[in-house]
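First the structure, in the form of structure tokens, and then the observations on it.
A, B, C and D are the chain letters, set down in written order, and residue numbers restart from 1 in every chain.
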Amino acid sequence: MKAIKKVVLAYSGGLDTSVIAKWLEDTYECEVVTFTADLGQGEEVEPARVKAQALGIKEIYIEDLREEFVRDFVFPMFRANTVYESEYLLGTSIARPLISKRLIEIANETGADAISHGATGKGNDQVRFELGAYALKPGVQVIAPWREWDLNSREKLLNYCDQHGIEVERKKGKSPYSMDANLLHISYEGGILENPWTEAEDDMWRWTVSPEQAPDKATYLDLTYEKGDIVAINGETMTPATVLEYLNKVGGENGVGRLDIVENRYVGMKSRGCYETPGGSIMLKAHRAIESITLDREVAHLKDELMPRYAKLIYNGYWWSPEREMLQKMIDESQQHVNGIVRVKLYKGNIIVVGRQSDDTLFDEAVATFEEDAGAYNQGDAEGFIKLNALRLRIAADKGRNL
Amino acid sequence: MKAIKKVVLAYSGGLDTSVIAKWLEDTYECEVVTFTADLGQGEEVEPARVKAQALGIKEIYIEDLREEFVRDFVFPMFRANTVYESEYLLGTSIARPLISKRLIEIANETGADAISHGATGKGNDQVRFELGAYALKPGVQVIAPWREWDLNSREKLLNYCDQHGIEVERKKGKSPYSMDANLLHISYEGGILENPWTEAEDDMWRWTVSPEQAPDKATYLDLTYEKGDIVAINGETMTPATVLEYLNKVGGENGVGRLDIVENRYVGMKSRGCYETPGGSIMLKAHRAIESITLDREVAHLKDELMPRYAKLIYNGYWWSPEREMLQKMIDESQQHVNGIVRVKLYKGNIIVVGRQSDDTLFDEAVATFEEDAGAYNQGDAEGFIKLNALRLRIAADKGRNL
Amino acid sequence: MKAIKKVVLAYSGGLDTSVIAKWLEDTYECEVVTFTADLGQGEEVEPARVKAQALGIKEIYIEDLREEFVRDFVFPMFRANTVYESEYLLGTSIARPLISKRLIEIANETGADAISHGATGKGNDQVRFELGAYALKPGVQVIAPWREWDLNSREKLLNYCDQHGIEVERKKGKSPYSMDANLLHISYEGGILENPWTEAEDDMWRWTVSPEQAPDKATYLDLTYEKGDIVAINGETMTPATVLEYLNKVGGENGVGRLDIVENRYVGMKSRGCYETPGGSIMLKAHRAIESITLDREVAHLKDELMPRYAKLIYNGYWWSPEREMLQKMIDESQQHVNGIVRVKLYKGNIIVVGRQSDDTLFDEAVATFEEDAGAYNQGDAEGFIKLNALRLRIAADKGRNL
Amino acid sequence: MKAIKKVVLAYSGGLDTSVIAKWLEDTYECEVVTFTADLGQGEEVEPARVKAQALGIKEIYIEDLREEFVRDFVFPMFRANTVYESEYLLGTSIARPLISKRLIEIANETGADAISHGATGKGNDQVRFELGAYALKPGVQVIAPWREWDLNSREKLLNYCDQHGIEVERKKGKSPYSMDANLLHISYEGGILENPWTEAEDDMWRWTVSPEQAPDKATYLDLTYEKGDIVAINGETMTPATVLEYLNKVGGENGVGRLDIVENRYVGMKSRGCYETPGGSIMLKAHRAIESITLDREVAHLKDELMPRYAKLIYNGYWWSPEREMLQKMIDESQQHVNGIVRVKLYKGNIIVVGRQSDDTLFDEAVATFEEDAGAYNQGDAEGFIKLNALRLRIAADKGRNL
């Protein structure tokens, strides 16, 4: 067993991480520092202080990281129109690197030699937490209790609480799903979802109404972009976190942003997940629209071709890596002219782009028009363009190659 | 001017191509063969025979190509989850190579030395028609009247008809849009759409009701896949064209498949287009879902990364090229196990996947479960997995590199 | 500890694997089957039989796999011009999947439930052996003694031999390098090479003379290709293994094929390696040359862009994977017309292509000539080609974008 | 015909561009400004002044651009290990964007509305010149006489000189090749090279001796890198152009850098070219070596996979494009730590890397060693690493998928 003096624990205040706090002290005979972050998960974080104190924790960190989360993680990711496996908006993945960063910073501040988290040994989150930690502090020790202990059921955890005097709320009607939430999304796994043929129950969803229950009247939004990020909604300037909160609210009311998929985990298995990402879904659609008039074609295509790789990096936990930073440099460079306004219409689950405008538009009405263009474009040029693009095909056919 | 003896014209029976038929005879003093295909555009093709006869055409080809179109072009394309610039389902692009192929085959049958079409010099279609033609018959002459003549307005075309005794219907209330339709989609360009900030008018759309007007009750569909293609709907076996017709009908009734984008043309300008692709939109979503449980992760990711390139090939007109065929070989190889059933729910513009099952599933409930897994997965393996994946990052950090 | 009944061991007859054979019996109380393959490493394999018998092994497999190795592994890999990190020809990597395959087949024949190998826990080979084994027989047990035991030095291994009555040759002047050889190459690692600044000693190299010592007169070879593989040299038809043996001999005499690099291992560290690949180096250069006149440009470029990924798959041990097979399908498809003759000149370390010809050439002298081309190419087409390719750049510049 | 007032001509002082100067004046009745640049082609540029004056040119620009050429074009390109079609070092391609830039700058200074060049309508250079020009000055007129006039032979050009009183040297024994030279390379096309089976004649090569004629004794060089560029040779600090001149000289003496290939032109045909790139060949090899110890693995692989696309951009003439700039940003970002020294050995055509060292090395001897590593690496981690990487393969095999 590793010799540990002090460990920083990513602490939610819930059953699992409360047990972990105690178990770490007992097992490693070490001090425990708790770190609780408000990433917009929708629950108060302050109660975690009392719970930590009740566990005898002396160093307690509780922080509101919402603005940093959206500004430095969510927004940069959306500049690439990032989607994992064509569907998943990476709501869980993108929160992990920020937590890793703060865990390591707190370890450095408090002189801790280890970090710990409550992620299981089957999932992606352990990888994301730990890759980030190792990248930022290569000698750090990582304790992942779920990979070590035998408390592998809710019943055993509750017994452990009884034996060690840990007070926890024993909620009736606890959600049958494994959930994770932050400003970008809420996720559901497990329970009946483990059969990919079973439709998700409607009462599972928490942030969005169903399209059926959404209002009969559409909502229109004008989203103002600067360098690829939304800076104002309906003309009102907002901070990054406020933008996302606003879009989550309006999106959720209109039933947009639900997703039900089977995805491929980095650790090797397929898993079913349901996600609500109302604000993110709007942002993705709108960002593509503002890029459609402001990005050069080849720049856009290069971004498109690299996006799956960038998404995979984030999904797999490589936010803190030189290859992600290299790609980010390129992505950010591409956003210099991604300015303007996109108008979207939300209606019962639909996100519909109905207009886009920009002082930096590359849409040239004089050239594009079906009407007389006064010489802006010489149609005769097309013949040579086609002829030379066809040349290699013609030579091959001449030489007897058949398609 | 090229010396032409006989030319095969892609003939719709409408104003433009009727003028072209006459203009070709007059300008090149050559025979004209007309070719009219039913690709599911929703209009009768047989009337084109009478119109061609009225123009004095002696060799008239009228063909129903719907099954070939869907079986050999649309379905292979959908195996790759093909989308151009993240949005466009390539409805126009995918019809052109079939027309090129038939034009050339008819040229060979009739001894023609040229082909002609009614596409303008500003668009992508001229490129698609001509690249295909040159690839299949390298010595063919291509006549693109819109790049040559000065009949560059509707008024001039009508005058030409009057002068040359061509009978055409002079519809009142002709659509202000440039449209194209086939079984996969109908497209709209021009008119008020030339301003990307202007919302499309609701009466423009022809195949779909708006989400607002769609039924209040959802429609569920079970789609059965074999090797990546839909072979049955709700348990009933159907031919490829019937599948697409059925999905278009049900999709259109439920308001799904509308799209409004600004895209980048191969000839270099941005253009606004609106598209209705009800069946295709369902097929895309469902195909991703059946792949999500039957494709290996790395196979799926490789397909995802190559898809934009494959889409670009089709968009730009390179269906008939060795690189498309090479990619197709790989894509088709990947579909051997893409079998099973996807259940989708259609509701007011939404296409929601609610279930997927397959005898070829790679989803392993024993491994994926959040419950006790009886040793199917050893959580301890994750530590080594993470440690070695982190090794390069730890070494770099140890050597003083900062992220 | 795993319960093992019978294990198939990749057995060379040398010190390490002899100790492993004994250690497996003692540690797991299981039967051991030995498998020794001739892959062209240049040593007799038959002596391994006597050594295995001396260890009391009852099931002994000794096989000449040279033709299978070159035909089914080396040649398919060279069709892609495969090079890892721009330099390494994958000589070790490509031999592992064949060994994995035979280990598993023998396990199935002999009813063994495990396999074992002598690769260390730091290298790539363990990964290659084991990924292949798991992919071909998912329930197989793998025993990697170097990751388990404490016999981590040559001295301890020799002591173990003394204690257990294993006879081994105690060579004086044993090579200070860790080496691996097969028909494609011989590799050197360790010793003074562990300092990347230190030049390799000339007496390390075994298959090639130095350029300095090579003949003063060049050697010319005519290599005949069919579907991307060499089938004859100087007009004489040869089997795959014979082709490679011949090229190794001639190449080695002319001092070609030495390589000294630092590479990135899959397990996360950089390592220095020296390689001799005389035949492979000639094959790479010549294959590129025959492709240069027989492959379509876009096919060639697509292959080039995917090659690093294909190389990485093989380097990392994913030969037996659906993604490698999918890529192989595409690569093989591209080779249908890669037929013809390449003439190379070997001189003191240089491999110089001096001629290439093919009935399937796409080189069109009439079009390519600097002389009068009698209308084969219309220079005027270039204007339209350039104008439309420039259109997006001109629009951007017109709108004030600066490069 | 375009109405032109003043045209800036890329003027070499040779026959072709002297005729062009006169022909432009006569044909377009416009003023001609000549621009002659020293890019290290090895010929004096000052004589062009007298020749231009003799033609009556009033505005004559003669400039030494060698440092700018190497610093801002060659070096940035080499940071990406750029090679077109695995072989060609882009010596011609990389000089064109600098000439385009100066042509346009001079047009702006002199109030010219057009540029002109002496490239033919079959090659890549016309594309490179003109794409650059249009990107930098979208309204510029471009005159490419070879695409317009009928002076399509040397004889006709000489007759034109006689008729118009242009004095040109009528060299006996003019090279039968079409050549281009600058500090990076000299190229040969045409003549007997138009048959790809014909070996180049030894007296064609100008910058390098043959390997046979090179010294019997090797030359060693120590190349010092800073941020991916060579800043010193054998400890002596040098400017970019001096670095390349030095390497050309030493490389040429040792017979390195000859290349004989068939390449695919952007305009659609294959062409045979021979190139001498002594300094560039050394730079490529050495740069890969310094990167091998200083670049992260994933950064290196990402660069490798994008390199063919970057090379194609430059080859095709898109240096002045937003996509090239976006890629450059990423490439330059990757070079922050590419510092250190590479030792190369030159011997009779061979460029052999024999050592590399760096304060920024990521080579970790403690981890990499074959000896006892004192715990720097835990071999047991490999088991979990392999097991999870194999998981998807094992599940597939368990479900009956065969490889």
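Heads up, the rule we're going with is that a residue touches a chain if its C-beta (ideal position, glycine included) is under 8 Å from a C-beta of that chain, and two chains touch if they have at least 3 such contacts.
The structure displayed is predicted, hence computed values, not measured ones.
Shared contact partners of chain C and chain D, listed by label: A, B.
Comparing the residue numbers each copy contributes, chain A and chain B share more than half of them at their mutual interface. Put simply, the C-alpha centre of chain B and that of chain C have 42 angstrom between them. As a whole-number value, the distance joining the C-alpha centres of chain A and chain B reads 32 Å. Centre-to-centre, using mean CA coordinates, chain A is 40 Å away from chain C.
Looking at chain C, one finds that residues 264, 267-269, 296-298, 309, 321-322, 325, 361-362, 364, 367, 377, 380-383, 385, 387-392, 395-396, 398, 401 touch two or more other chains. Chain contact summary for the complex, chain B toward chain C: residues 264, 267-269, 296, 298-299, 302, 309, 318, 321-323, 325-327, 329-330, 333-334, 388-392, 395. Only residues 296-298, 337, 360-362, 364, 367, 377-378, 380-385, 387-389, 391-392, 395-396, 398-399, 401 of chain D touch chain B when the two sit together in their complex. Of all residues in chain D, those touching chain C in their complex are 81, 85-87, 120-122, 126-127, 130-131, 134-139, 144, 146-147, 152-153, 178, 189-191, 194-200, 211-212, 216, 218, 258, 260-264, 267-272, 288-289, 292-293, 297, 300-301, 304-305, 308-309, 312, 320-322, 325, 343, 345, 347-350, 352-357, 361-365, 367-372, 377, 379-383, 385-387, 389-390, 393-398, 401, 403.
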